[in-house]
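This is the structure, below, for whatever I ask next.
Residue numbering begins at 1 within each chain, and the chains themselves are lettered A, B, C, D, E and F in the order written.
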């Protein structure tokens, strides 16, 4: 439950945006995202969410003293 | 809840400011004015950051506009 | 105190997430799935981060397990 | 108003100091700032403030749904 | 207000600690002592950080020191 | 006293862990720390603590307007 809250938190949202923006947007010749940047942001965000869910699961297991996968 | 939302916006503003400074302002600091190139870079950086925020918000299932 | 402890865990979780993403996930984002290599890297990264947390806790004289 | 508060906030002050220190001070042979470092810090701080004011304006416009300059 | 001020000082101390560690301490960690060079670098780093804080404070129109 | 609280704070603990992990652990072929990584983490943590104590002392002196060592 705690991990779920953390994952859904606004702080996570902010740091996801910052990371995906930093990694995907480097050109400022236009004021709108081009197709490539948008795709990059989508993938980045999806990967980050999957990543953070996985981290949340492992973290919960460790908090409960469960054995970790090798 | 409203307080958390407010804190979130403050944090977002700080991250945005930090990131766009990094992306747009040259770090040699040869003078103390922002030049034209830096200014338009900043405007576009803010606009794009905003779009990324909205795009991610949609992916996360936020239904209120950010 | 319990609240501070909670806040500490949230912060720890966020740092851990950030650090392991940096260490394990390639930043080209060629697709939106985590591949097998990334997944096992993440698992080991979390496990090692945990160990470092405990090791440092012992050095700091924490006697409760983290 | 919100943006003004943000801009004036102590957190902003802290991050301005950290950024300008990191970018401008790299030598630790003396314990006082030399002239060049001081100039660099002044310019950095002024640029950062102008930058953050501009960001605040644009951010406010977007919050109100105004069109952005191209 | 006093609480915010306090929080600000804690944050400042943390940033200062982080930044001076980065600037002064070699990251190979060949042993667990700070050597003479690192120690004097740290002292000067803190002193200069302080000066930058004051300088920026003046620019921002703070009339209280620090 | 303030500095002591800061030094002992959980936030400091978190940032110490993050820094020493980032600097010392780079291989993820195993799920346990090897001897070398453990040694690195120990030294890193001890150095960081000594560092932060020293910073705390200097910071306190400056807060009280004391002259700094040259």
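Rule of thumb we're sticking to: a residue touches a chain if its C-beta (ideal position, glycine included) is under 8 Å from a C-beta of that chain, and two chains touch if they have at least 3 such contacts.
Bear in mind that the values here come from a model prediction, so they are computed numbers and not experimental data.
Chain centres were defined as the mean of their Cα atoms; on that basis the chain farthest from chain F turns out to be B.
Among the remaining chains, the Cα-based centre furthest from that of chain A is the centre of E. Spacing of chain C relative to chain F, judged by their CA centroids, is 18 angstrom. Separating the centre of chain B from that of chain E, both taken as means of CA atoms, is a distance of 27 Å.
Taking the mean of the C-alpha atoms as each chain's centre, chain C and chain D sit 31 Å apart. Centroid to centroid, with C-alpha atoms defining each point, chain E and chain F lie 13 Å apart. Residue numbers of chain E whose C-beta contacts span two or more other chains: 24, 43, 47. Among the residues of chain A, those touching two or more other chains are numbered 11, 15, 24, 31, 42, 46, 68-69. Those residues of chain A that touch chain B in the shared complex are 10-11, 13-18, 20-22, 24-26, 28-33, 37-38, 41-42, 45-46, 49.
By the touch criterion given at the top, residues 6, 9-10, 13-14, 16-18, 20-21, 24-25, 27, 29-34, 38-39, 42-43, 46-47, 50, 66 of chain E touch chain F in their complex.
Per the touch definition, chain C reaches chain F in the complex via residues 4-5, 7-8, 11-12, 15, 19, 23-24, 40-41, 43-45, 47-49, 51-53, 55-57, 59-60.
The touching residues of chain A, counted against chain C in their complex, run 2-3, 6, 9, 11-12, 15, 19, 23-24, 40, 42-44, 46-48, 50-52, 54-56, 58-59, 62, 68-69.
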